[in-house]
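Pasting the structures here.
In the two complexes below, subunit A is the common chain; its partner is subunit B in one and subunit C in the other.
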Partner chain A sequence: MGGGMSGPSFNIDNGYLEGLIRGFKNGILTRNDYLNLVQCETLEDLKVHLQSTDYGSFLANEPGPLSVSVIDDKLRNKLVLEFQHIRNQSVEPLSTFLDYITYSYMIDNIVLLITGTLHQRSISELAAKCHPLGIFEQMEAIGAVSTPAELYNTIIVDTPLAPFFLDCIFVQDLDEMNIEIIRNTLYKNYLEEFHNFCQQIGGITADVMCEILAFEADRRAIIITINSFGTELTKDDRSKLYPCCGKLHPEGLSALARSDDYDQVRAVADYYAEYKVLFEGAGNNPGDKTLEDKLFEHEVKLNVFSFLQQFHFGVFYSFIKLKEQEIRNIIWISECVAQRHRTKIDNYIPIF
Partner chain B sequence: MSSKDRVPLFPSRLNLMLMKNRLKGAQKGHSLLKKKADALTMRFRQILRKIIEAKMTMGDVMKEAAFSLAEARFTAGDINSLVLQNVNKAQTKVALKKENVAGVILTTFDYMAEGEDTYELTGLGKGGQQVARLRKNYIKAVQLLVQLASLQTSFIILDEVIKITNRRVNAIEHVIIPKLERTIVYIVTELDEGEREEFYRLKKIQAKKKKLRIQAEEDRKMLKMEAGVKNLLNEVDEDLLFGN
Partner chain C sequence: MQLCVVRLLLLHVLGTVDQFLIFFTRSARDTGMANNRNCGISFRSEKMSRIQLFLQHDAAYACIAEFGEIGLIEFSDLNLSVNEFQRKYINEVRRCDEMERKLRYVEKEAQKCIPEEIRDMGEDPETPMPSEMFDLELQFERLDDELREANSNKETLSKNKLELMELLQILRETQGFFADAEIALNPAPQGSEEGHTDPGVDALSPKFGFITGVISRERLASFERMLWRACRGNVFLRQAAIDLPLVDPVSGEVVDKCVFVIFFQGEQLRTKVKKICEGYKATMYPCPDSQSERKDMAAGVLTRIEDIQTVLSQTEEHQRRILSGAARNIRVWFAKVRKIKAVYHVLNLCNIQKAIVAEGWCPSNDIDLVHGAARRGTERSGTDIPAIINTMETTKTPPTYHKTNKFTYAFQAIVDAYFGHGLIMFLFALWMILNEKRFNAEKGASEIWLTIYGGRYIILLMGLFSIYTGFLYNDAFSKSVNIFGSSWSLENTFTDMNVTANTILTTPTIQLNPIYTYTPNSPYPLGVDPVWNLSKNKISFMNSYKMKLSVILGVAQMMFGVFLSLANHSYFNNKINILAEFIPQVIFLTSIMGYLCVMIVIKWIKFDASVSAVAPSLLITLIDMFLLKAHPHDLYAGQWYVEKILLVVAVLCIPWMLLLKPLVIRAQHRRSRLVRGISLRSVPIPLRF
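On to the complex of A and B.
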């Protein structure tokens, strides 16, 4: 397949979009911008500072006093617009690649819908809470559904997510399984599928994306292990949630499946050079970065590296992830400003 | 009402005794009520101090909780809608208890957590630690809120009762007891007056009797002196039947 096209042949189909993405990437907030934002005293100040960045006057027409949720919505809408523009212009295989990116949001939306139907909530309110990047056409038809099994049989089978359900979730189990387990199982399948797809494309895309996805898989395995200590999740169930496309597969994953506490997890990670570094600086004392923060930083670093190479699809994925991190950073700073709780305001993850 | 008010009674000794008993009862009641008011006021001040403390910590606790929500959102993404959809039965409940303080029934609320934890696995994929911290912070905030609520209800109930009791204490002290005292004074004065009248009447009668006695005495003396002493046997009377 033409995924291995290197050099000029890549630009025939995807040159415009890669240029566009690199343009967007230049608009991502830099350290200076963050320093400015951190010094704001009110949300209005924040709005003024954002106006001088790529965001421009996206908040200009907001009525009434600014609130953090409004800023959140607007930031996300901007990202969705940019993504949809790129998606609309793309051709195969880039369009499938971009679709894969949206599947993770679809998983979140479906999990939300399943929980909602389990508790008989009205569909229109659920639809309003779904992530816009994860909307699929059959969503409007959900009104007629009342149990998750029905939801699966009438709707989910038609979506691109059906294969993720097939392998390990039986329809009857949907009603009883804890919603988080469903979500994590779907996500594991999604990651593995995505990884396979990228390897099929081959070339630089495969190099870049598989590195990023491998880290994502390992990160999920580590986090799931740590978070499942002290809960009712058994070790077997836990190991079923580990995605297999990372560096930890297979020895690391089986070691993780056996571990009982944080120190054992750390010992497993010590075998892998990059992960050992992450555990070193992490801690739960105030003033330390948490493990999650270090994982975020590593992810940002990998995503930034993907821009160093040209002629591959990884830049699209990295751009989305970096933009998301930027949105999280801006919201974090806005919350600190709005609540006047400035001690941890520097806990954002700087990107460039 | 004129301050000369008193209980309208016939001033008799029986009523005097009754009134004296009533006065004693009123004084005892007054001191008991005063003790109750003092106990309630002391409790009231304790509660007030606790409320002030709780309100001060409330500010900090709420701030902490809202901030941990922001932290959780940063790491775990938007879990809001998911958590809301998953709500089933209340896991945090409030139990009502009654307490008796100096005769006043105060209701207190107790925080109760029951039911299994349906949110244990939230944030399993990312942000689990932050979500756990968030839950702890908000549970603390809710506990504080429940405590504050129960303190405030006791505060209001106590306030009401203290006002009523103080009103009663003052009423007894300034209205009832003076009224009874005035009644007693009145009865006593009336009785005294009656006695004085009695006394005066007696004295007057005595004086009159004395005068009469003296007069009678004088008359007899006078008669005695005029006639000398006559011997009845020397007297010859006319023969009525065979008189000549």
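On to the complex of A and C.
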């Protein structure tokens, strides 16, 4: 497939959609837009400014006063509409590629529902909080299951997540620790599968996507390690959660598996030029950027780079990720505006 | 074959018409003739003036409203550095947005309930004054509240009704399921029909529990599978489709649903089944065990449905009353609110000091109208200080503005809507034009229709020209018509070519020699002689004829375009463009395509039937001209020399066209840089006082 995917033959099936996505990408807010947004006094001001961007009249039918959650919903709806339009127009292998993007949202939704039911929340309340890209039919019946095996046999078996779940079937019961293990195992398997799929597609898609997915894998490995300090998770169990499609694999991962504190993680990252910079720029003092933000910034950078090449699927993935980041940014700014807590309003991550 | 001919003809006809069209379009768009206000088609943009307006605070709103009504000023933004949401009148804009939102809601509801009552008479209300805005706001607020209340009542009632209907369906449909279950459990015959009631069900109830409910039909398959998986096949599900159309109370859409009964054993399964039902958004309804209870319940439900229906129709009547009052005015309200909003948007562009200062462009010829509008605005606001309007000198590039009327509008926004044949097209366009008033009032039509409608005059012309060319080519729906009688006669052929009537009857084809069969003094009066339609070489004859015409028309049109550019160059006094573009273009075009046209005419004149055998092929001639070959038959004496000269001239034109202008511009640029470089160093900076 690799050779045939480039140039004009790419355009036969995907040219229109690539054009469309690049058009959507041009609507992503710029630095200038953010500079204007942070000057807003109220959410109404924010609405006025967003009206002059690609978001247009997306809030026009909302009765005032606006709330952050309404903005969040509408922002998300717009993204979902755009995604679904593209998904409906796509053909193989792009359609499978786009489906892979939705799997990560399905994983999040499953975890959200299980955790929610564990805390005795009602399913309908939880379902409203699920990401619309990851909704599937069997999802809300999750209240009827009580063990991972049951979860697999009744719900997941009918979804595309089934192959990712096989490793979790032996987990005993659904407590918080195990849910986290399930989430990370699902994610690990998903990332590796996705990475594999992109390599099968080959060509520029593989070049671009493997780079992005490798970073995603490494980021998860680093975050899992840092978050596991001080919990009951054994080093052995922890190392099973690391996705093996990143640049840290295999030496970095085995070093991470042995580390006991933040400094050791940092020492591992020092061996990798691109991660070393991220750790150096991060700090916990006021005014410093957190490691998480630094990682997000790096992700944004990779996703922006993917638009520099043509004739590949990476742009679709990158668009979704950039848009997600933009939504996080707008919501961050809206929260700061709504709570009149402006000191940290500049902690958004500009995209262009 | 026939199809192919038709297509070819259509292409030719349309091609020719298209040339006329482009001819007009070009002239309306990018040409350089002096502006003539009396001319229907203006050839270049109106002359624009930059104006500055000083408006009193009290009068500004009314003045701008009047400017909006005449629509002749393009305001410039004088507050580029100020954020949209920090401008002075943003609150008013927001209030308008809010009003629009309410109106949209009302319109949506009216569209749902009484679409026929939304009227659009094409009314154009005057811009309301700010004081009127409060009244409008109040009015819309009240309307919105009333409507929302009525709607929520209606929604609750319909929801109740839906639930009762579903329950009723359950009670009816499950009858059969329970009966089946009884028979399966108690195969012993139950005696007569009346006796067949409780004992069976009683026997069943302690052992089996059941849940009844309603689920949307599309989720049923997955629901059933999930039940089977979750309960490991230990439940039994019966279902039946509800044929009655059920309306979803929120969206108002018809949804297909199914009634189901699930039989199971034990409490654990009950909780599990219940959870799955909830997960699949199935509505569960209690259903009594015994048949008599079910019957009673069904009767009760039926009366309750009737009650609710009464209340519901009253609520709907109330809602309709509210809406029909609003529907009559909704377009006018929209127009009013949008006008207010537009005025405040313009005010936001102005520089607000002691007076309100606005800048913009307006057509120089219409400045009087602007003055008039300002005067009206001042009067309307009741102040006595008039607005001041200055014309400014500026080097900024003015916007392009074409005055259009109904006719030229379509050329401005030209659409190439090729379809149909001449007459149909003509009639269709005529129908649109005759019904213009009605269509203009109809807003919100589909985009495709608007495209066609916008091009109605073009379509009319296309139709007309197609009919005309149809006559010329003697071709109506690809059939020729013999109106005047052919000028070809076989009688002379008999005498001069030794053929008899018998030969004609026996030979399938016969070649007519125009020397004998054609009566030269009485040609067919209009267009092509119909006899050609019978001939075998019809297509090759017609094609060559049409192609030649098309070439001549096309070259003429290209030439026209080039001369229009001359008008533009001389308007801007652009000598270099004339010398380096226009002149070589004309020479190039004449020496090749123009020469071809000359040859076509020569060939038409010089060769008749008697010498047609030696008539040269023009296509080959032209190719030979480029290949520097000698022609077997010369069209005229000295052809070889003429062609070589033309070819050399044409080839020389190419570098002339492509190289001269950039070289001159580069030279100018270098010279100017040199001059500026010197002046910067030599001229002392003047002192400021």
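Just so we're on the same page, the second predicted complex is superposed on the first by the 314 of 352 C-alpha atoms of A that agree within 3 Å, B and C clash if a C-alpha of one lies under 4 Å from a C-alpha of the other, contacts with A are read in each partner's own complex, and residues count from 1 in each chain.
By definition in this document, a residue touches a chain if its C-beta (ideal position, glycine included) is under 8 Å from a C-beta of that chain, and two chains touch if they have at least 3 such contacts.
All of these numbers come straight from a predicted model, not from anything done at the bench.
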{"item": "Subunit B versus subunit C as contact partner of A:138, first or second or both or neither", "value": "second"}
{"item": "Touching partner for A:85 - first (subunit B), second (subunit C), both, neither", "value": "neither"}
{"item": "Partner chain in contact with A:290 - subunit B first, subunit C second, else both or neither", "value": "first"}
{"item": "First, second, both or neither for A:232, with subunit B first and subunit C second", "value": "first"}
{"item": "Chain touching more of subunit A, residue-wise (subunit B, subunit C)", "value": "B"}
{"item": "Partner chain(s) touched by A:276 [first = subunit B, second = subunit C, both, neither]", "value": "neither"}
{"item": "First (subunit B), second (subunit C), both or neither touched by A:52", "value": "second"}
{"item": "Contact footprint of subunit B on subunit A as seen in their complex", "value": "108, 111-112, 115-116, 119, 121, 126, 129, 178-181, 183-184, 187, 220, 223-224, 226-228, 231-233, 241, 284, 290, 292-293, 296, 328, 331-332, 335-336, 339, 341, 344, 347"}
{"item": "Contact footprint of subunit A on subunit C as seen in their complex", "value": "83-86, 90, 93-94, 97-98, 100-101, 104-105, 219, 222, 225-226, 229-230, 272, 275-276, 278-281"}
{"item": "Parts of subunit B lying in touch with subunit A, wherever the complex brings them together", "value": "63, 66-67, 70-71, 73-75, 77, 81-82, 85-88, 120-130"}
{"item": "Complex contact set, residues of subunit A against subunit C", "value": "36, 39-40, 44-46, 48-49, 51-52, 60-64, 123-124, 137-145, 150, 153-155, 157-158"}
